[in-house]
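Each of the next two complexes has subunit A plus one other chain: subunit B in the first, subunit C in the second.
Up next is the complex of A and B:
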């Protein structure tokens, strides 16, 4: 009885509002945690960028690039344990939330959602990619992931020099933008100390500029290209949190696809996979909230259903459970 | 019954009305009286059908009336522009006979009846303009025939595959064009506000339908399929606010009935999922036979009922164009109409209905001449067999003649389902 009640409350929740508040809290934690000595360590699976001096945690790519750049004998010798522990910690964090790190905790992701909210306020409609564009662009994040991993390794064996250090960070728009959270604009510059640094930081500055424009017209513009998201995907099967689908219950109505910020088509069209988490997904659960069929989409912790699509919840969230006096927005 | 009317004085129009009233009364009487007592709130619907089909009373005198030839014409947009949609799909044998002279003899009775009705120009609410989506061949071509009678008919391009991205785009464009056509025609602007209100109102009506349907999942079913068909059928032409009020009231009563353990069926009445060509008033031939044979229709997969209500529109950002696209997707992607090339979705849907409504079997009805439903019959039967679901396929038309033979077949099917139930016990 009690259990059913709780279930109902969860399934009927106004997801967008709940998510907004979680994201806000997480943002404060990760963007400003440093002020109150919060530190979740350096293996966090999101873009909590340490270039922001008050960050509450450190993006795993920072130590990862650093470690991979070590000479092979060090990497597999003295440093091996700490590298290994770093990776394990990263996986441990990731296992808890899966890609929901992106949908709920990443300050850089949240920032994009806020830019989206601003656009919405201004009454401007968003854009989408066409399917062929989508298919092409969606691969870019793997190229970035390769940069994260390969360049340091090449440094380690001496093919590339020290000026390539933290190459991806040099490109990463979060390096330039995250410090702005605490009023630090110093990363908006091009580093002329070497040709490599100059090229990388130029790309970085351009990327950061494009970030603002892109996020304004396209929902979660950057996440689509984010190498962290790609890395997540390689491990998503390990996670306890699952995004699942019961294809038999799906009518392919496309409601979920319609609200998906990442334009993931499978969420509606694939009626055979149970695990419906795709590489671009950020586990925002908006699709679950927008699905009008009982239990067609659900979020599970292992095999326990924690949030399910329901007819009733859908009606509540879409303003269809009672006759609305039309309110704007 | 009518022998005090002098035939010589009766105009063709009067004669048509008289015949239709006779058809309507007969079915209404059966629905009202030949079953266990229906919910009181059903009286609203019984009266409504009587008013419209026996007395030819008009419901929408002061609004622009938009005739639609299929469910794919988005009523959200029509209501937003303060017009009323009237679904023209027709179930009268009288009109079917008129249409027979205008269409090939082996055509679908529904299309013939629709064409016949339009040819007679005899309406209680006459459509001011007709939108015809290019769904099945017969409906598509019927649009042109109807145009020759002098109606303004606008074709709305509808794709016949629904998997591809191309067809999604194509249909979205069609719906955008439909919106602007409507807007121009009515000289009224579609706005964020009126469209959102209309989406939510229809969404609410759909929510009510779902609520009502939920009771049919119970072991003791408080409302019969014949009444449900009437309720959904009323949505074709009723004033939406009245419809909503009536269904709200009905839900309260049905809730009460459920609490009181009232069962509309018999002790071991088999539970049936009904699929196929749409039963449209007064052609309730097969549903009535099914339920008169002591089975209960607990769910259906037809475009005059479930398919019309099941899928609700979801919108992420309530901007005009976004809403229009959402609407478009709903009418294409969720649709299980057999006009599409592949149709695994329809099969999945039927299986899911059987499971979630605890049905014992499926009755698949196709109109003789409704090619797409006839063609899909094999694949659906094979799929049901694979799933171990009993299914009966029947072909029928609008004529009152074949009643006896149909009854025998349906009864035999129901009896076999009953035996299964008995064995299970």
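Up next is the complex of A and C:
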């Protein structure tokens, strides 16, 4: 009885509101945590950028790039342990929330959602990619992931010099934008100390500027290219949290696709695979909330359904009772 | 027969270059003739030049064919060596002319080949080292093998030699399963076939049309006769070790090949070439056993025997325990799980082979060919032993271990049992892997703890681990000559000299003398090492060898802490632990009397520790200046507001403020002299409050292309003051005290020297405008309505 009641409450919850508040809390935690001495360590699977002085945690790419840039003989010696510990800590964080880190915790993602909200308020329509564009652009994040990993390794064997240190951070828009949360605008500078630094910081400023325009007209513009998302996807099988689909119950109405900020077509199209998490997914669960079929989409923790699509919940969220009342009059 | 098929995307015959290499008849024939000529010429050359000067024969057989070509191709394209092997190539023609009898049952035994490989070659290699690898030995071995091969080919049909007698036949068949290629046919096209050209053209009388269903390729040597007989044959890319992920008819001989080769090569090498070089080699069990039997000179041979026995023991024990855990009979478990051991040998040895190729084998190979074909070539090794990038090859061994564990998991899926039983079975079946990792770690441990014998080591194949390479982490700094004497302040250092702390090694020859250490115990507190140096001018470092003054260290909480000292090349090095982030103050105080003047000299070091591992929080009180009451003279730096973290560094342009103290009271009108390591100096006087202020100058003007934003410059601030006070020290009168105190500081180029806000903002604004404009135009000019989203209804 009790269990069913709780289940009903969860399944009928207004997801958008719940998500907004969770995102707000997480944003404050990760963007301003430093003011109250909050520190979740340096293996966090989101863009909690340490260039922001008051960050509440450190994006895993920062230590990862530093560790991989150690001289190769050191890296494969005793230091391998610290790299390994860092990776294990990252995985330990990651398995808890899976890609929901992107949809609920990442301050940089939240910022994009708020820019989208602003655009909505202004009444400007949004843009989408066409499917061929989507398929091509979707691979860029793996190129960025390769930059995160390969450039430090090349530094470690002496091919690239110290000016390439933290190369991805130099081109990452989060480096430039995150410090602005605490009023630090100093990252908009171009570094002329070497050719590499100049090119990287210029690209960084370009990306940051494009970020504002892009995220204004396209939902979650940057997440589509985010190497952290790519790294998440390589490990998503390990996670406890799963997004599952029951293809038999799917009517291919396409509601889930329409609400998807990331334009993932498989969510509506694929009725064969049970694990419906794709590399672009940010686990916002809007698809589950938008699904009008009982249990067609559901979120599982260790095979236990914690949030699943229901007719009732769908009707509530859509305000159908309200609509019906209006029709009656 | 099929004349035409539409080839799949993953079909290698469909690729422009690879398709030609693997299918073109003339090309294949050319390659085979070339390899056969090389083979026979090398054997002939070995007989003609049996002396050690002949490096060609060895280079062809023991570098080029094995291990380089074999190890590179087996886990990638498969057993393509068999496809170009001179024995198989000529054997085909010999069989055609021969008696074509059926091989007797007792000879149809794959263990003959495995036995020849393990005992005939590897056993002999360890027991009589150097004999089989000599030019004559090599030539004799391969001439003999060729003779045997040709006799067997002549007598029996179906190329039986390759299957049963050839020492590497079963081995190639086994390791081929790791490759990412597979030969099979387009089964849809084959269905209508009544003529079976693929089977009739096959020298081995295999049935290529059945390979797809069987999920393995029998004894196929990739000779590609079938592919030229029928178009429906395909040679496709698969996932690596694709075959091993599924069921197929297992062959126990292959599993034994995996285990025995692992034992005979990496494990025996670890014993015979690795541990045998340690200083405690005589304590090893094989040498003791050899001594027990009175055959001490055959210790290495016993090492081989032990390697075989131990590996077989752990493999069989592990699989037997796994069979009990899984409740299956031993044979099923053995043949199912044993295949997982495949990558263990081949990847570890591949890493070593590649490393040796770059370090020396490449040069040997070129020299060998130059010797045999009479051309002049001077080849330098492609890399030096110890080049950083070579370490990545060592990584392959661990990829092999991980791959083995993944394969074990996949093979376990083929056995049906409960989950708990499978977990247990997995652990037991990993016993051989654990043993393999164990001996690698043990060797590293022995080398580290007991050391390596001085004798030089030369070998040319097999598996060695990271630990066996020479260590190059050790410092190469040579002692600079200062006559070898230990200098101290009282006796050797002039009264006018500056004496100060430095944290760069005064004896280091290289400019990059990093004091930061990587790795080590992550739990240990970071340690800072400093040296006390002196000189007439700043920058002329002569180090102090013996301390004859007091050394005081105050930690972040202003408590006195001990300092460790050690003598290195007649230089005293002091080190202290820094368990917290914050300021550490180190003082050296010393005095001596010269010409009725007491020279009281102080060296101060204020060191800011900012270690990322430490979780201290930067609080205001930690940046408060610290006054050490014990000190008679002190120079205190008053921090500015910008200093708000443990990672603060000074940069040129910064304003420095100091307060001079004598006996804890402000010292007015004292002389302050600022030195920079480039030679620039300037003098100031303290004001009434004892305070002095100055900016750090910019003294770094390189070409833009050489600019280094981490260019560190050293600054020394010296405070000197003369006080007319009389007194007695150690029974000597003085009527004047001359105080001097030094305070070193390092600084970097100011950010404003190389970072531009203006340019960044211009680029940002332009991009913003351009991107907005593009987005706006693109959307406005879009005449087509949004494409309707359709879902494909299958």
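Convention: the second predicted complex is superposed on the first by the 322 of 329 C-alpha atoms of A that agree within 3 Å, B and C clash if a C-alpha of one lies under 4 Å from a C-alpha of the other, contacts with A are read in each partner's own complex, and residues count from 1 in each chain.
The definition used in the following text is that a contact is a pair of C-beta atoms (placed from the backbone, for glycine too) under 8 Å apart; a residue touches a chain by one contact, two chains touch by 3 or more.
Quick caveat, the model's predicted, so the values are computed rather than measured.
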Exercise. Touching A:303, do we find subunit B (first), subunit C (second), both, or neither?
Worked result: neither
For this session: Report for A:192: first if it touches subunit B alone, second if subunit C alone, otherwise both or neither.
Result: second
Problem set entry | First, second, both or neither for A:72, with subunit B first and subunit C second | second
Problem set entry | Which of subunit B and subunit C A:205 touches, first, second, both or neither | second
For this session: Classify the contacts of A:4 with the two partner chains as first (subunit B alone), second (subunit C alone), both, or neither.
Result: neither
Exercise. Touch check for A:269: first (subunit B), second (subunit C), both, or neither?
Worked result: both
For this session: Classify the contacts of A:252 with the two partner chains as first (subunit B alone), second (subunit C alone), both, or neither.
Result: both
For this session: Could you say whether A:82 touches subunit B, subunit C, both of them, or neither, answering first, second, both or neither?
Result: second
Seminar exercise, completed: Winner on subunit A touched-residue count between subunit B and subunit C: chain C
Exercise. Touching A:157, do we find subunit B (first), subunit C (second), both, or neither?
Worked result: second
Exercise. Which subunit A residues contact subunit B in one complex and subunit C in the other?
Worked result: 125, 130, 252, 254, 257-258, 268-269
Problem set entry | Complex contacts: residues of subunit B adjacent to subunit A | 163, 165, 192-193, 196-197, 200-201, 203-204, 206-207, 210, 244, 310-319, 321-322, 325-326, 329-330, 333-334, 336, 345, 348-349, 351-352, 355-356
Exercise. Which part of subunit A faces subunit B closely enough to touch in the complex?
Worked result: 120, 123, 125-126, 130-131, 247-259, 268-269, 271, 286, 290-292, 294, 311, 314-315, 318-324, 326, 328-329
Exercise. Subunit A touches which residues of subunit C in the complex?
Worked result: 386-389, 391-392, 394-395, 466, 472-473, 518-520, 522, 612, 615, 617, 704-705, 707-710, 749, 751, 754-757, 759-761, 763-765, 767-768, 771-772, 775, 779, 786-787, 789, 791-793
Problem set entry | Complex contact set, residues of subunit A against subunit C | 37, 39, 42, 70-79, 81-82, 85, 125, 127-128, 130, 156-159, 162, 186, 188-195, 197, 201-202, 205-206, 208-210, 212-214, 217, 252, 254, 257-258, 268-269
